[in-house]
Amino acid sequence: MSTQNARQLSAGMVGGGIGADIGKTHRFGMRLDDRYSLDAGVFGRDREQSAGVAASLGVAPGRAYDTYQQMAEAEAAREDGIDVAIVATPNDSHFEGAKAFLERGINVVCEKPLTQDSATSRALVDLAAANDAILAVPHCYSAYPMVREAARMVSDGRLGRLTFIDVEHASGWAAAPLELTGHKQASWRTDPDVAGFPSVVGDLGTHGYHLSRYITGLEAERVSAQLHTFVPGRKVFDNATVALEYSDEVPGRLWASMAATGHNHGLRIRVFGDEGSLEWQHEDPHHLTYQDLEGTTTTYTHGLASLSEDSARLTRVGLGHPEGFLEAFGNFYRDLADELEARRDARPSTVRELSFPTGIDGLIGVQFVEAVAASHAADGAWIVPASVVDRDAEVAAADAELREAGGS
Amino acid sequence: MSTQNARQLSAGMVGGGIGADIGKTHRFGMRLDDRYSLDAGVFGRDREQSAGVAASLGVAPGRAYDTYQQMAEAEAAREDGIDVAIVATPNDSHFEGAKAFLERGINVVCEKPLTQDSATSRALVDLAAANDAILAVPHCYSAYPMVREAARMVSDGRLGRLTFIDVEHASGWAAAPLELTGHKQASWRTDPDVAGFPSVVGDLGTHGYHLSRYITGLEAERVSAQLHTFVPGRKVFDNATVALEYSDEVPGRLWASMAATGHNHGLRIRVFGDEGSLEWQHEDPHHLTYQDLEGTTTTYTHGLASLSEDSARLTRVGLGHPEGFLEAFGNFYRDLADELEARRDARPSTVRELSFPTGIDGLIGVQFVEAVAASHAADGAWIVPASVVDRDAEVAAADAELREAGGS
Amino acid sequence: MSTQNARQLSAGMVGGGIGADIGKTHRFGMRLDDRYSLDAGVFGRDREQSAGVAASLGVAPGRAYDTYQQMAEAEAAREDGIDVAIVATPNDSHFEGAKAFLERGINVVCEKPLTQDSATSRALVDLAAANDAILAVPHCYSAYPMVREAARMVSDGRLGRLTFIDVEHASGWAAAPLELTGHKQASWRTDPDVAGFPSVVGDLGTHGYHLSRYITGLEAERVSAQLHTFVPGRKVFDNATVALEYSDEVPGRLWASMAATGHNHGLRIRVFGDEGSLEWQHEDPHHLTYQDLEGTTTTYTHGLASLSEDSARLTRVGLGHPEGFLEAFGNFYRDLADELEARRDARPSTVRELSFPTGIDGLIGVQFVEAVAASHAADGAWIVPASVVDRDAEVAAADAELREAGGS
Amino acid sequence: MSTQNARQLSAGMVGGGIGADIGKTHRFGMRLDDRYSLDAGVFGRDREQSAGVAASLGVAPGRAYDTYQQMAEAEAAREDGIDVAIVATPNDSHFEGAKAFLERGINVVCEKPLTQDSATSRALVDLAAANDAILAVPHCYSAYPMVREAARMVSDGRLGRLTFIDVEHASGWAAAPLELTGHKQASWRTDPDVAGFPSVVGDLGTHGYHLSRYITGLEAERVSAQLHTFVPGRKVFDNATVALEYSDEVPGRLWASMAATGHNHGLRIRVFGDEGSLEWQHEDPHHLTYQDLEGTTTTYTHGLASLSEDSARLTRVGLGHPEGFLEAFGNFYRDLADELEARRDARPSTVRELSFPTGIDGLIGVQFVEAVAASHAADGAWIVPASVVDRDAEVAAADAELREAGGS
């Protein structure tokens, strides 16, 4: 819905053309609160198609570009250039796409998995920092009100000491060999050059892993994994089971699948503590269940008056009215808009404890994919993710520095 | 999200200011597909507050009006005046508000219950027809993909001959005397001058009744009703039970409540036939269940490849991703936009079998409320709704005319 | 399982032969706690078949009778004659069957509806009283632990002041014309001479109505009803909708159906108060849900440590292990055994607040059926059940007596 | 319920005294179909208590023994000695208890885990074979009608080629340190001398593993496992996660827990194939859900006319009436009775494809526990269960023999 609101944020999109569901999802999410104006874009590799999409979206012809390089250059040069670029292409162009904007100081929303390897992901994180730009990664399940409530429950101690984490993102969308039928999504997601061999881990496993980190505040210290290919002839892995040891010695499990026949979506998390447990499922996102030590179950609905401010502020409808995936994207974009505006207007940062995922989350996700793949290659041997290695190295370095400084 | 799309429809809103949830819901729904530009409005009775809302919504100061009369007059006079006015005020100003626009040929979306009595509702319907304007009524539950699927199931005969209809919209939102606490919604909805004595029937009962008509294609031929006030001291009825006889001699029940303690939302319908039955619930809107004669239950999710085109075209996300109330409003506004654009561009009508509810639906809703109230006043005696009386009278008149013409 | 336990109660059965599910259900329930010995019976009208069933059940040939009259006479004459007779025949022989035992002072369990009219039901109640015999009626849904818990919740005030009762027993078992296929159950239940015209009300409606009385402690003061025949050509009514006014001016609804296509069983109750509401469904009997005024839902499972003694003592398994219909019957027979033994051993009565239903409940059920039928015959006019008329008459008589005595 | 049926099977019980839930469960199950007479027993180690229980159960004083050795000897010597002994003691006396009866040719039902190590389990299996006695192990979840239906679905090919198995038996019953409070069950189940260190794997893991074998017909070829102790200070492991590779290269997962806070029972299985998937949960045992490749869900209820004979014959109630744990035990005892009677009466075996679990299943369960423990001890290294080693050795030996015989 158009407004003359001069304060709207200006956005551009790379990808999201014909047949690209995720691009549409971003646009739906951006529109909900009317805080973005989509002013520029490259909507696919086919020039004509892209221009058609641009026109249908109301993007001025002069700002419908052929390549993201052109777009980055031109928009950086305009006084009214875009505030943020959304990179919603297949995985193999995330790095170059995001880089083009970040190095010009333009904020970026980049789809997950952030890039195809952790070195390039790390490079993007560094680039964002060096150019004082935001790099946001849309793990949007964390923007559901009841996921925020779950994270609040954990941090408020209602589960007590955490004991176990069980997360799965097991979908059946590609349980048949769709890639043989010309199905666009299936084609690139089963192409190892584009999606990587552990495709399903990057695509769905990173969502599950991020959700577990977001709700519990813990990270995997080591993983032991198996990758499988359920669909004969498929060139990538379409199923993964992972044992995790999270920090604080909390064990866990993760299951990612694109071939869990019959499952519609399949993201679900259960977290256990010594005083209670919680469960949340994406297919019924407006509810959160809590079970106490005795075994009584309590079901909370988004919008209940007694919920935390973290979830309350993300609900747009009255109690009992369902919200869904687009509202979660809307929440991501709303939190992001708060921060983009604060930066634009030189106000204090709005980032709070439970906020939108950034490049660091994207990097940790890619490091998780790499650790899972390495474990599988070693027949399930325990692997320490690079995120932990790096962190430990930093701590060691800081220690060394301190010791040196202190002369002791 | 702003676009320079010249083809966007121009919209104005009456009501929907501070504290008015339904106005926000309309705006969220309008934004989803980016086919409307909100260009004018009166956002409440407080002039300053209204101007503030207008500014925050990007409405130009010159088109933020003090009254809907001013707005109707001014917008009708502009060459680029609004295509459609949304009337989202409390019930007692629906009639005057809608009338102001319709009589100037401006299309109207008017909240339900359409007006406070069937005479004024009838007048609006006639006014719309006389001025060739659309009068749409947002019974948006009928815009859910799985409600459309349900209607399709019935018309395709999967239930066989219909035998029973059971619908309820029983919410617990006002099970406590909120009107004593200054709660805005509760205050006007329990004020008989604004909401009418059978308040809950107009507010929630009309939704339930419309849903049953929409899915089955049947209408109530007579009703027997009881109205109750569960909250002591409340000035309106907050609960209603109704026995219905639908056309084709199909019996049914309707329960409307704003005081069903603990219920979050409470809209639910079950339709039975001699070959199968279906159930749909608003709190889990992306599923539709079907039970066959033997007792096997099948659950369909929106987005399944095998569903009808009627539901498929209304789904914006992939299989298993939930959608909710705002998407249903979005669907209403999308269907409406199709028709508004067709009229603007002098193309053939887009209205199809299963489309958005109009003034006729609003009128039938008000006639239902009146019949329910009349039955209650007569201790549950059977009452024939005026919609049926009118229809029968028309048929009789046509018959008479025919006989006269035929000389027989 | 056989025991030499001299203290076992001796039982006999009338009905429950080949093809009679309910007889088997009684026997399963009786066996669970091993407190009954089945020592006599008439298992159907076919002499040979009956003898075969008796033999297979370990009933001595000399106590396998041809008629219940013979059985009543012979058992009454034995020193070790049966303690209790179970009458599990079709409706039209309940009265004569139960009468034969009661008038000889033998306790009786008689299936519902107790008899075909309230006069004969009243006669049985009087006969039981006159002969100091127990007349129990197996409305066994009231013997589920979580139904007891529900009743306790209400009497403990957790729902506050009751506002609404909604009960349904809407099954789809006879949604097809099974009576045309020789189906035994369907044949007699659709024969008006055996099951009565309001067949479904006697068969299922009385269960629903009893359940509502049991949980809330309230009775219907008046009813307005519609009866329907969904299956063309069927000779009895197979569907009923009833509006009720319970005592304390609590409104309610009841729906009974044997033709609710697709429903497997369909007994479900919701009770609302001004502080909370509860729901119980027979198809998930080990759970009870409670919703508070805010809208939070709590689910209790049978076996939870915090439940009341009323439900705890009826659970035979550990937390989370489901129990079902046979255990409910077992509970009925256990409570009954407590009382039968107490009487036999001349100990104080064990009957407690929440106990097994008796002839009074059976009578009230038949009076309910009659009131529903009368209302239907009067096109839904309000009818006061005879139970209320009788009660009011008793009160009036008592008043009159008092006034007379007092001379005032 | 006592009968004079001379054909009843005579049973004796070891264990199952005061406070022992499982003994009661066996007795409830045995009583349902009235095919067993409980004639002998040792109901606990306390002589007086045992005698009291015996008396209350109607066991003649002369057959209430002090020890199972006495019982085995005496019963073997009687002409009317017991047909079957139920061993329902804590784990550490399973072996000696079962052995005493088997070596005298008395059939045995022995609780799981069969014994404390696979050598003794193997010995029992051999002993049963040598003495032509039945050794049955009550993995009674496999006796639910809908579990049988699930197994039938798989063997009928409705899932296509199997791709994944996910099973969990994750209960929260011991999420608190109940053993510190004198809780009887918790005390011995957390005593490594009685329950073994991998206690939860033997107690609940073997149920889950058996269920997966029963439904799919597959066995684990190797396992990788982690054991955890969630409750600080507890002397055994109370949680286990296992990755499995079943035969036919089907991967799977198993989770066993007695400390999954808030879970009531927690047994649940999902099986995936390339054409469909199924799910069954013990907390809702009368339903089985099937999901097809497209994502449509079908829910079957026990008692539906279209189900297989395997499940139909195990249902005692009408459609929609729930059954539970006791009926599952009843089904186990009914299948067992069929076979015991066939042997007694020298009729052909009644054992069918889907029948009661035996000592082989018990042995495989113990071998599974050992493999899990070994993997945990090796930090999750893959371990081949002895069942597979043994089988491969047998195949190799047979091959060698064949080659030798053939001279090639």
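For clarity, chains are labelled A, B, C and D in written order, and residue numbers in each chain start from 1.
By our rule, contacts are C-beta pairs under 8 Å (C-beta built on N, C-alpha and C of every residue); 3 or more make two chains touch, one makes a residue touch a chain.
Worth saying up front: this structure is predicted, and the values here are computed from it rather than measured.
Asker: Applying the touch definition from the top, give me the chains sitting in contact with each of chain A and chain D.
Answerer: Common contact partners of chain A and chain D, which must touch each of the two, are B, C.
Asker: With chain centres set to the mean of the C-alpha atoms, which chain is at the far end from chain C?
Answerer: When every chain centre is compared against chain C, the largest gap points to A.
Asker: Quick one: report the Å distance separating chain C from chain D, using the average Cα coordinate of each chain.
Answerer: 37
Asker: Where the CA atoms of chain B average out and where those of chain D average out, how many Å apart are those spots?
Answerer: Here the centre of chain D sits 57 Å away from the centre of chain B.
Asker: How big is the gap, in whole Å, between where the Cα atoms of chain B centre and where those of chain C centre?
Answerer: Between these chains, centre-to-centre, one finds 44 Å.
Asker: Quick check: what residues of chain A touch more than one other chain, meaning two or more?
Answerer: 263-264, 295-297, 301, 319-320
Asker: Inside the complex, what are the residues of chain D that reach chain B?
Answerer: 294-301, 304-306, 319-320
Asker: Within the complex, which stretch of chain B touches chain C?
Answerer: Per the touch definition, chain B meets chain C at residues 159, 163-164, 166, 172, 175-176, 224, 226, 228, 230-231, 239, 241, 243, 251, 253, 255, 257, 259-264, 272-277, 290-293, 295-297, 379-380, 382.
Asker: So in the complex, which bits of chain C are touching chain D?
Answerer: Chain C reaches chain D through residues 1-5, 8, 11, 21, 24-25, 27-28, 30-32, 34, 36-38, 57-60, 171, 173, 263-266, 282-286, 301, 303, 316-327.
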